[in-house]
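Quick heads-up: structures coming right below.
What follows is a pair of complexes built around chain A, which joins chain B in one and chain C in the other.
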Partner chain A sequence: MAMLRYLLKRLGVGLFTIWFIATATFTVMHLVPGNPLANERGTNATIRANLERQYGLDKPVFEQYLIYMSNMLHGDFGIAFSEENRSVNDIIREHFPVSATLGVLSLCFATVGGVLWGALAALYRNRLPDALIMFLVILGISVPSFVFAAFSQLFILKLNQWSGRSILPVAGWEGVSSMLMPALVLGLSTMAYMTRLMRSSMLDVANTDYLRTARAKGLSPTRIFFRHQLRNAILPVITVLGPAIAIITTGGFVVESVFAIPGLGRYFVQAVAQLDYTVIMGTTVFFGAFLVLMVIAVDILYGFIDPRIRLGAV
Partner chain B sequence: MSLVPSELSSKLSIAVSAADFAPAPHQAQRERIVRPSLSYWQDVWQRLCKNRRALSSLYIVIALLVFTLVGPWLWTQAPALQDLDAISQGPSWSSSSALVVEDPGTWPGVQGALRPREEADGQTLGATASLAVAGLPSTQYVRLYWEAVNGAQHYLIYRNDHAPESNQDLGLPLGATLTPDTLSFEDRLQLRPQTYWYSVIASDGFEEAALSTTAAITLQRAITASQARERGLDDTLGAAVALPAHPFGTDYLGRDLLARVMEGARVSLFIGIVAPLLFVSLGIIYGGIAGYFGGNLDILMMRVVDFVIALPFLLFMILFRIGFGIGPGESGIIPMLLALVLLSWPDTARLIRGQILQIRGEAYVQAARVLGAHPLYLIFRHLVPNTLGPILVTLTFAIPMAIFTEAFLSFIGMGVSPPTSSWGSLSNEGIRTMLSSPHELLFPAFFISLTVLAFNLLGDGLRDALDSRLRSRE
Partner chain C sequence: MNSTQYVLEVDNLAVEFDTYGGVVQAVRDVSFKLRKGKTLAIVGESGCGKSVTVQSLMGLIPMPPGRITRGSARLGGDELLHIAPAALNAIRGKRIGMIFQDPMSALNPTMSIGAQIAETLVVHRGMTASAARTEVLELLHLTQIPEPEQRLNQYPFECSGGMLQRAMIAMSIACKPEVLIADEPTTALDVTIQAQILLLLKQLQQSHGLSIILITHDLGVVAHMAHDVAVMYAGQVVESAPVDDLFYRPAHPYTLGLRAALPGNDPQKQRLQIIPGSPPDLFAPPPACAFADRCPHTMRLCRSAAPATYTRPPPPASQASTNSAHEARCWLHHPQAPSSPVRSSAAT
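Entry: the complex of A and B
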């Protein structure tokens, strides 16, 4: 019951946040003088007036806002300006799964890699493997993802040239093999952060009483490491999943454009270049809502995994 | 006075002088522990200096600032100066010298007498008897002429980096003459100072001759007199002028990459340092007020913070860009700064509020309040200075974040656009020529990484130096 109340409260605040994102998007987009049809070439006054009427641009701003909000409540993001007869919903439906696949894959890479490397670094604390891993972590945090993307492409190219056949595709989005490299590159910085977090969390757990007890009981080191230390140390890593999802989805812009992946991020960048207002607004609100829901989902997941959090929150 | 001790000494038979009764030196002075007292910040500074990683990061940061601010005075090449003779050159420290040659103008070429095909009928086409260069072969132009071949309708000219072994080895022709009586060809296509093997083959309009004539021609690096005049160099013909060296190479328009990286550093570091300064200040004011007053005002103000944090960051950076009316391909540095400030302050606000909530119950704050201090005076004179440590750490970590953001946005073409350069936009230009000349991406990427790395390590060191929990553990 308490859990349900907590859930409802979180969802309520989440909905309010999504409303705020939608309103902020609308406000920013209407700050500009002029309107999206102003740069259309070859339209005379009558055609433009008709178009404005069709898009509802001749109405006062507040009325436009109401229409926009009510359409959004119905799940309708409008029709794209730059393409004929294509609704923003269609665009999202077509391109978002690509971004989501890439995101989920790179999140898996980041989490698995981060936990693994972090645990390894803690295990070999202050020894060579630790120093090596931490050096790579610093590199992963400091080098921007587009540099990794560019050089990984170069690497794939050289690999293909050297082997004389196509081991991995250099760009594009066909099949699992083309997803591997972009997902790895996209997850790299998150992996670095998670490794760092996992390492310090492992070291924190190493000093706890229950671990000393386990050691005193004479449990095997392997069992202590996997069952007692690792499992408890993973908890903080889960808390950063929410922000990590945000970083990975928005970081996807760059990776998608370098690897020519037809995801929503790349489409958004193109829409901005074409000043396609409905697509820009729709994508922003969609991304924002997605992120808000993801953060809530991670919080709830965390509540299930760690009962202390759940009790504390209610 | 001196009488009493002398009487005493005679009685006790101990030699006592008046000096024995002088006041002893102050003992307290001797027992004092001789270590100068350190203020908090002096202590932090000492700890920072002990951390070698943090200290070397600090030196790197200083070096980067010097590179950015002083560099353009030392390296005076104009970052926008194009040199189409030196496109995408690799990094090299040596400056090359070039010969000043005449402006090419239009070369009339060499005309030969038409040999009618009838005359040569039944014969196979031969090779031309000679292939020679008119004037000095230079990187500006190579002017070839040759002797006419019987029955030739036109001639094909080939250029190779190596001596061709046979006609099959020639590759694609560089050009062809249009008429049978044109016996010359001017090559001005991307010439480099090296030896080229030029081959000429006659053709009867249907097929090429089996034999070709090849001449090895070594080109001299040259610039034309008018180019020399434009750049303020000696423009007398035949003079050797020194062309500037390009330690970082040149980009796809032959611009000096070192100068461009320096110019780009100004934009990147300007955004990277000024934006965090602004949004951290805004966060301090906002968080300070919310934390001090507490209650409903605090709840309301923190709700706003929650909302702003929920906005998808990069998307809104781009939205603000549109909102400020900056079209694609225009660079808005100040709008980017503003957007960064508007979207990034809540994190600092949250942090400062938490800190202030912790210390606002302290005795010195209550004392100041009892003395009738104005709330704003209390916040900015007592509370905020006591949270300066975390503020400094936040600021140090905010700088790489801002530099990254600028680089990302410029990289996808939503930030700084040509002709203004920043490290992000230089990377964007560099990635296009990555396969042929990777240095164009490597240098700006290296500087982004180095800056971010230095500020991150410095932030780590500062946090360790400031952390009072670590202090008590020692």
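Entry: the complex of A and C
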């Protein structure tokens, strides 16, 4: 019951967040001089005025806002300005699954890799494997993803040349094999961050009284590791899943463009350049809503792992 | 005295730790014997090595930086020190149980209390989780925890310190161990709970024939619980005695000082008596008697040679054959030493 109330509260706050994102985006967008039709060359003033009336751009901004919000509440993001006869809903429906697949895959890479490498580094603390992993972590955190993207493409190319056949595609979005490398590159910095977090968290837990109790009970090292240390050490890693999703989603735009992946990121960036009102609003609000939902999902997941959260102690 | 009376014997244990400041000699030559079905209290101030002593028996000191440099410990004839990890794991939790100072932090926060107690049974007695459940419930009943059925599925944060210490006790006696080590089990609890926990330990000792090592710095607890006492100072046992002998005929100036520092019932006495000075630096412990700098009876010999261990004759009225020996590591018991309060045979 407490859980349900908590969930409803979170959803309410989430709705408010989405409203705020929409309003802020709308305001900033209209503060930028010009409009989607301002660039059209060879159209005279009458044609432009007609077009503006057609799209409702001649109305006062606040009225436009109300109209947009009411449409959005009905699930209608409007018609794209810069595409031929396509609604923003269609664009999202078509391209978001690609971005989401990429994002989820790289989040999996990041989390599994981070937990694994971090645990390994903690296990070999102050020895060679630890030093090696921590060196790679610094690399992963400080090198931007587009550099990794370019290098990974070069690597795939050389690999294919050397083997004489196409082991992995260099770019594009067809089949699982084409998803692996972009997802890995996209998740790399998050993985590095999580590795570091996991390592220190493992070491913290190793020094706790309850781990000493576990040893005093005569449990085997494997059992202590999996049943006592790992589960407690993973908690801080889960707390950063929320921000990690945000980083991976926004980072996806760069990786998508380097690997020529038909995701939503391209539209997100292009729309801003072209001041395509409806696409900007649609993609921003949609991504915002997605993030809000994911953060709530992470909170629920956290409750599953930590009884103190689930049972409302903190 | 027959050696089978002893369930645990520790001889000449020495433990060191590497630190950035050098090597700390935390335990220097500790020996004691634990009588079957009795309670041995190890007392001493913070940093005297009492916790390190018992933790090294259980293989709980981190190595490195810790190191057991000398000594042996035998549980019913089986060596405990320097044995293979698997052999050690077959002993701890099964033949030696241990409870700790702060029950709030000694239990895994993400595991239910029932599961944590059951784990011992599953690992050491090969029980299935469901079979362990009924046994756990019985154990919880035994520790007189309120509403044991409810506790099974609760997590540590949902219980009070007293309940958690009872759960810890249930966990430590689950496999009917020969020895229970209680490392300051009541320090983190308030006074009424402290009394209940001590009473519980006493009852369990009687019903299960438990032999208990009780670490404490509370002489009141010692008087209430212990049969034998070992007083530790600067990593050494300076005096060991049956509890009555220790309180009525202390044989070491440090014990005498501790006893004098106890708050009494005398309303005239305004200030507590103290032992002046502070314990020696264990990076470089004094070569002779560690207590010499604080002792009111120091002789020249005390600073030049490590004191021998002297056995005091039992008082004429006691049943000498059933009691432990009364030993003190102090030159004042040398036949040629001047008379001092620690040598007078009458009860002080």
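By our rule, the second predicted complex is superposed on the first by the 307 of 314 C-alpha atoms of A that agree within 3 Å, B and C clash if a C-alpha of one lies under 4 Å from a C-alpha of the other, contacts with A are read in each partner's own complex, and residues count from 1 in each chain.
The definition used in the following text is that a residue touches a chain if its C-beta (ideal position, glycine included) is under 8 Å from a C-beta of that chain, and two chains touch if they have at least 3 such contacts.
Everything numeric in this text was worked out from a predicted model, so none of it was measured.
S.K.: Between chain B and chain C, positioned on chain A by superposition, is the outcome a clash or a fit?
M.R.: Fit - chain B and chain C, as placed by superposing on chain A, sit side by side.
S.K.: Between chain B (first) and chain C (second), which, if any, makes contact with A:R215: first, second, both or neither?
M.R.: Only chain C; A:R215 stays clear of chain B.
S.K.: For A:D306, select first, second, both or neither according to whether it touches chain B, chain C, the two together, or no partner.
M.R.: The second partner, chain C, only.
S.K.: In the overlay, answer first, second, both or neither for which of chain B and chain C A:G75 touches.
M.R.: Neither: A:G75 stays clear of chain B and chain C.
S.K.: For A:P60, is the partner it touches chain B (first), chain C (second), both, or none of the two (neither)?
M.R.: In the superposition, A:P60 touches no partner, neither chain B nor chain C.
S.K.: For A:G164, using the defined touch cut-off, is the partner it touches chain B, chain C, both, or neither? Pick first, second, both or neither.
M.R.: neither
S.K.: Tell me which partner A:R227 touches in the superposition: chain B (first), chain C (second), both or neither.
M.R.: After superposing on A, A:R227 lies in contact with chain C but is clear of chain B.
S.K.: Once the structures are superposed on A, label A:I21 by its partner contacts, choosing first (chain B), second (chain C), both or neither.
M.R.: first
S.K.: Is the number of chain A residues in contact higher for chain B or for chain C?
M.R.: It is B that touches the greater number of chain A residues.
S.K.: Can you give the closest approach of chain B to chain C, taken over C-alpha atoms and in whole Å, for the superposition?
M.R.: When the complexes share the chain A frame, the smallest chain B-chain C C-alpha distance is 10 Å.
S.K.: What is the shared patch of chain A, the residues that chain B and chain C both contact?
M.R.: The overlap between the chain B and chain C interfaces on chain A is empty, containing no residue.
S.K.: Using the touch definition from the top, list the residues of chain A that touch chain B in their complex.
M.R.: It comes out as residues 13, 17, 20-21, 24-25, 28-29, 31-33, 138-139, 141-144, 146-147, 150, 153-154, 157, 246, 249-251, 253-254, 257-258, 268-269, 272-273, 275, 280, 283-284, 287-288, 291-292, 295.
S.K.: Considering the complex alone, what residue numbers of chain B touch chain A?
M.R.: Counting only chain B, the residues touching chain A are 306-307, 310-316, 318-325, 327-328, 400, 404, 407-408, 411-414, 427, 431, 434-435, 438, 441, 445, 448-450, 452-453, 456-457.
S.K.: Could you please specify the touching residues of chain A with respect to chain C in the complex?
M.R.: Per the touch definition, chain A meets chain C at residues 208-210, 212-221, 223, 227-228, 231-232, 235, 305-308, 311, 313.
S.K.: What part of chain C is in contact with chain A in the complex they form?
M.R.: It is residues 58-60, 85-86, 88-94, 97-98, 100, 102, 105-112, 119-120, 123-124, 155, 157-158, 168, 171 of chain C that touch chain A.
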